[in-house]
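Here is the structure we will look at.
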Amino acid sequence: MTDPKSAEVLLEALPYIREFRGKTIVIKYGGAAMERADLNEPFALDVILLRLVGLKPVIVHGGGPQIGALMKRLGKEPRFVGGMRVTDAETVEIVEMVLVGKINKQIVGLINHHGGQAVGLSGKDASLLRARRRGHRLPSGEEVDIGLVGEVEEVNTEPIRLLEDNGFIPVIAPVGVGRDGATYNINADLVAGEVAAALGAEKLIHLTDVQGILGPDGTLVSTLSRKEAERLMSAGVIDGGMLPKVESSLRALEGGTSKAHILDGRVPHAILLELFTREGVGTEIVL
Amino acid sequence: MTDPKSAEVLLEALPYIREFRGKTIVIKYGGAAMERADLNEPFALDVILLRLVGLKPVIVHGGGPQIGALMKRLGKEPRFVGGMRVTDAETVEIVEMVLVGKINKQIVGLINHHGGQAVGLSGKDASLLRARRRGHRLPSGEEVDIGLVGEVEEVNTEPIRLLEDNGFIPVIAPVGVGRDGATYNINADLVAGEVAAALGAEKLIHLTDVQGILGPDGTLVSTLSRKEAERLMSAGVIDGGMLPKVESSLRALEGGTSKAHILDGRVPHAILLELFTREGVGTEIVL
Amino acid sequence: MTDPKSAEVLLEALPYIREFRGKTIVIKYGGAAMERADLNEPFALDVILLRLVGLKPVIVHGGGPQIGALMKRLGKEPRFVGGMRVTDAETVEIVEMVLVGKINKQIVGLINHHGGQAVGLSGKDASLLRARRRGHRLPSGEEVDIGLVGEVEEVNTEPIRLLEDNGFIPVIAPVGVGRDGATYNINADLVAGEVAAALGAEKLIHLTDVQGILGPDGTLVSTLSRKEAERLMSAGVIDGGMLPKVESSLRALEGGTSKAHILDGRVPHAILLELFTREGVGTEIVL
Amino acid sequence: MTDPKSAEVLLEALPYIREFRGKTIVIKYGGAAMERADLNEPFALDVILLRLVGLKPVIVHGGGPQIGALMKRLGKEPRFVGGMRVTDAETVEIVEMVLVGKINKQIVGLINHHGGQAVGLSGKDASLLRARRRGHRLPSGEEVDIGLVGEVEEVNTEPIRLLEDNGFIPVIAPVGVGRDGATYNINADLVAGEVAAALGAEKLIHLTDVQGILGPDGTLVSTLSRKEAERLMSAGVIDGGMLPKVESSLRALEGGTSKAHILDGRVPHAILLELFTREGVGTEIVL
Amino acid sequence: MTDPKSAEVLLEALPYIREFRGKTIVIKYGGAAMERADLNEPFALDVILLRLVGLKPVIVHGGGPQIGALMKRLGKEPRFVGGMRVTDAETVEIVEMVLVGKINKQIVGLINHHGGQAVGLSGKDASLLRARRRGHRLPSGEEVDIGLVGEVEEVNTEPIRLLEDNGFIPVIAPVGVGRDGATYNINADLVAGEVAAALGAEKLIHLTDVQGILGPDGTLVSTLSRKEAERLMSAGVIDGGMLPKVESSLRALEGGTSKAHILDGRVPHAILLELFTREGVGTEIVL
Amino acid sequence: MTDPKSAEVLLEALPYIREFRGKTIVIKYGGAAMERADLNEPFALDVILLRLVGLKPVIVHGGGPQIGALMKRLGKEPRFVGGMRVTDAETVEIVEMVLVGKINKQIVGLINHHGGQAVGLSGKDASLLRARRRGHRLPSGEEVDIGLVGEVEEVNTEPIRLLEDNGFIPVIAPVGVGRDGATYNINADLVAGEVAAALGAEKLIHLTDVQGILGPDGTLVSTLSRKEAERLMSAGVIDGGMLPKVESSLRALEGGTSKAHILDGRVPHAILLELFTREGVGTEIVL
């Protein structure tokens, strides 16, 4: 930062820091950002900087290939229906071990190693994510049982608030607990949306491994209204793994979140670039 | 409680509730109490009652057979040297998954299901258990490398205090983190002693699957002074799995804990009986 | 408590402690519980235990035979009209001395001697019980002057809250003060009802020297609705000294109290048995 | 206050209000100030004004002729040894009733009637005045038993602080409680000194029915050092009822009180005149 | 204060101190009170006494002859249109220097020298007085440009509250700041009214150099309702320098102020006499 | 910030933000930074950014040419002795008007216009800068009277703390007040040093119009120890306007400040570059 240009960069961030100070930013961490080793440190630094300049980041992470890897080693063949993992009792146990005992701890350790103060939470901690069983409707309209896959019924924001109000960065694993004590695997994108809604977060940021949402003509859509998003979904332009991200975004907006973002997690420091830039990157979804 | 005797029982507890109110009680949860399904609910109820009448329980749990079971399924043969598990990188990853992602969550879920508000913590959360590598000295005096086995260097009490001061019950998994970010497996008994010392806990309670400490004549020793404990250890009367429990107790006393207890976890509600009874059960260790 | 049954008793109390924690329990202390020396200590212990496990007991006491005894020694013949003591200026002075200077202090001393922290309050302290003169209507419909007998116009809850929020047990003597500064003797049962209503107490408990409310067939009524209570009063089944207790209970329910209880104060620890038992003892009155 | 002179009076008080703001002033209320009806209202107004301008008055009152009157009516002949009332069990009960149930309530009612917020306390409330039995040494050196006459062993300042920090004016009756629960009559002057010492009060004011302390030549002594006071006592110039007032003053000074005052309670508003005047009235005792 | 009459004066103030305790009193300081050296100390003492007995005085001051004197020395001829100073850029700079750098500091220094804790504020501090340009309408109806003369658009009460809640006396200079950063000269009377309204002050006091408001018959009007004030203004009975004082008073009443007062600042201690007297002096304006 | 380099700049600042968070940075604002219009906005933005990312900037400003200009217009010829302005009563009044009523308000307005929350303070506010008269010793050793020139006797940090703890940026004019109420002109550099020392500021930054301190060989000295500074002063290498800056720096270090800096205020954003760069710019002085 020995040349004056550096100061200009800092000052460009000033109005954004002012705007977001004291506000909660929920970040869904997954895809390339999580899986490519070279992108881990930039992510940790971004999160720590957010916290340092007064924002309150809350991380929700997903699972990905590590779950499959352990299942394979244990001789369990993962089975998917309509993009949802079919989850029997043994599978949910493996999922929980990997999400809570491995991935969550890697992220917590990563942030702490760079100087942050992260604390991991499973949806079981203080019954943070109260869940119920969710069936899955096939395109044919048929409802299939996909086992211990849940959807969020209620978010207990108390432990999250306690941590974020005391300088900690909460890192949440998408495991829910039923009223009967059962463990549920929940789609991490949807958890992020519910958490953002429950906290009345200022922003929900999805880190993905695509550029953002592409329109019918294949070019990046910068801003998407709720209505347009719904239209693109029913037209099948938004589909596959992007569907739960958009649904989660709409859920957050409903709960009071100002903007949801689909960012390209392959770009280092995409979070900083989005939060502290004039134009923003990726796609933003607004009411 | 329809007969007046019930009232007498409650009133007998009165002076103890008064004495321990607002004080921290560290409970090492392991052995039979943890592994026998019929003893889980009594344990959860005891912990919740403690919290309700104003004490602050903090749970430290161990691992036990579940780690070995997963290792076996993954084709890893557990290896022990002098009672300490030899821990390579793959092993410590399995240990962490089982401790943090399975056992910790079972305990948290158990307490919450009965109406408590438990929150699990790994030693990585907020770098709670800062650890360093610990060698192991054989009886022959030879020092052997047992891998990623750690000992506690420093306990960050901040997140524990935050949780216990806000009505939560912290449940700690004995996984430590080195200054270089490495994961360490730490003996749960020793973790409990360090946590009790760091918190200046009023009591440290070890739930075991024996009656308590037996003297040279094979009868239960009710009270043991520090000096006597050291004598019995060097005489080999205290040995095996009891050794780390006694070491942990002495460490806690050093840090300001008033009394450490070795209780028979096979007796339902041993914690309540110990805390709220005139005579106490098991062995107590005092300065 | 050396046998496991003791633990069961403690645990049976758990849901009740949880339910009533932090809530105010107004106890009208009178009748046998107060006058029989062997019942004093059990009462004090019950109150202290309530406080210790997190409830907030507030005591309102009556007078009874001690007032008559002093009046007789001073050569004043007590005179009653329709169960209400006729109270001239000299009488109210004697009443105040006995209630505030003798009985209140005995109760305060009793609780403190067993380890509580009681503080006595007269209705004059901080004008706690603002009172106005109350006439008395005979069954004949005729209104008679019974002198300095008052009814509660307003309760200043501030000093009660201050004491109970700081760990003290308030003990209130049923003496009121008029806007002109005059002293009024007020029926203690009615004071208890007004205090419970003003505090929005969770429960109002009347300790009496009967078993509870008896129905037309002479058997104990366990639960009484407001409507049934009113019917039994107009039918004359509830009469005499039980009348003000039921009126007081209805007044408390009106003010937000959940349940009022008429308990047999001759049973040692009736308070604990009622609060921490499944069935309860005596009669409960609900909306 | 229509003429400017009024403003001058107010302004003369300014430096004194500044000096004493937030400080505790213990006032022993007795003698003429208490017994002459025309002096009651001025006393109440003075205390309320003190409180309003930010000082914290604490009242300790005595008993006087009312105790004797009731004893006479009850056929008990008061008996004194060396100026100390001999107190059997029946007497102490009468003393307590009159002090706590009559005089204390009159003072509390008086202050509240004029707009203050007084709360009465007996030494039994929260065991405020822990007392022990005090023997009495005759001039001959002989020690005589005077019964349930106590001296202060310890003052529990907690309830006094709680009240004065929340806008209330504590009014304390000089009744103490032994560790065995026994009731003790304590000299009110000495209680005032102990209370001032325990609170580290700024001032202790004794309202008496004499002009102040008279020197050997019969003229008023304005200021008295500790040493001079001790000399005048051993010379017998200070004697009789003035002795406990001076002892109490020296005790207060020892505990950190800046000045003790012996004022003429027959002068209306003696307290205001003393606290807010340049010269002061009566005798002041300093270290 | 050696004679008892002094106590009576203090006690007469008692109900007023009680009534106004903790409340904000906005005082417009100007006219004779400010310009006659012998009246400065009485003013400072009054303000300090108010603060000491628990009221919260806030001072707004004007400018007067000192501005003209400096302008004359600098060769600027002051120009007025309809009683409003015409203010070009150079003039507003001189006005600001005199108001903020001279008069404000004299008042602050005066109060602090007598033992208060005053802190000066310009309308620029924390943008306390957000202003906009105000035209001036001549009696002929013609609107004339009078330059950088402003009117209050918004009062930022935050810094005033911060100071008054922490024991300081805010002293405000009537200089405003536009949204474009421009400096505005604002009529001090009107600033006082806006500040009183924004703070919801209990009272607004104008210190003037006349006796109060005179009615059509030339005698002092003690009390003036809003309606009467408006009538007298449109009738031209209230005119000249009295007009902004009455407008300011009506503005304050609108904002929740209970009473506004026009006092004769030539009477020493007029503030104390008004606040603590039964009849009051000068004219009071009420809704 | 559309290219990733921007993120790198932000992240380079991270460790410095962490280090200085919550700490006070005293900035002496003068010289080119203050007098060149194009440098005003960069200065304001730097200060606001500091505040936003959690540091607590406190500004002390000087006077400079504006004082001389007004004196000239008023026909006063400024007179200097040994670099110190000779200050008669009329001069100090002009100085105060310019410093407090003009320059201070320009800086406050500048910061607020860009979105900060600045509040100006003179040394008279809450007697912030208690001053005494300072003589001046000529090189010849002769002591000359330079009039109302003061030195800081005591700094009242209370109002500064109040403002900085509540989100405001204090801007201090170097005017002091004597115990007799007299106004003193004080060297702004020395005020900055005293304020830094009194606050125990983390850093003291002098913005000048030179590059920093030059060594005997005319090259910039990056780091200067206390000892070296003293040597360079007595050798005459440090002289003229740099002398009070270095004296002020040493005074701050004495009071607990970690580092003092002499920066080139002609470089835009010199403050940001210094605080958030690895190497730093200008000269730093350390113990």
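Chains: A, B, C, D, E and F, in written order; residue numbering restarts at 1 for each.
Convention: a residue touches a chain if its C-beta (ideal position, glycine included) is under 8 Å from a C-beta of that chain, and two chains touch if they have at least 3 such contacts.
Quick caveat: nothing in here was measured; it's all calculated off a predicted structure.
Listing every chain that touches subunit B and subunit E alike gives an empty result. Chain geometry summary: the mean Cα position of subunit D and that of subunit E are 47 Å apart.
Subunit E and subunit F have Cα centroids separated by 35 Å.
Remark: subunit A and subunit E have CA centroids separated by 57 Å (rounded to whole angstrom).
Not a single residue in subunit F touches at least two other chains.
In terms of inter-chain touching, the protein chains here make up one closed cycle, each touching precisely two others. From subunit E, with subunit F next, the chains follow one another around the ring as E, F, A, B, C, D. By the touch criterion given at the top, residues 73-74, 93, 96-102, 104-105, 108-110, 112-113, 117-122, 124-127, 159, 162-163, 166, 168, 175, 177, 181, 183 of subunit C touch subunit D in their complex. Across the interface of their complex, subunit D is touched by residues 1-2, 4, 6-15, 17-18, 21, 42, 45-46, 48-49, 52-54, 115, 267-269, 272-273, 276-279, 281 of subunit E.
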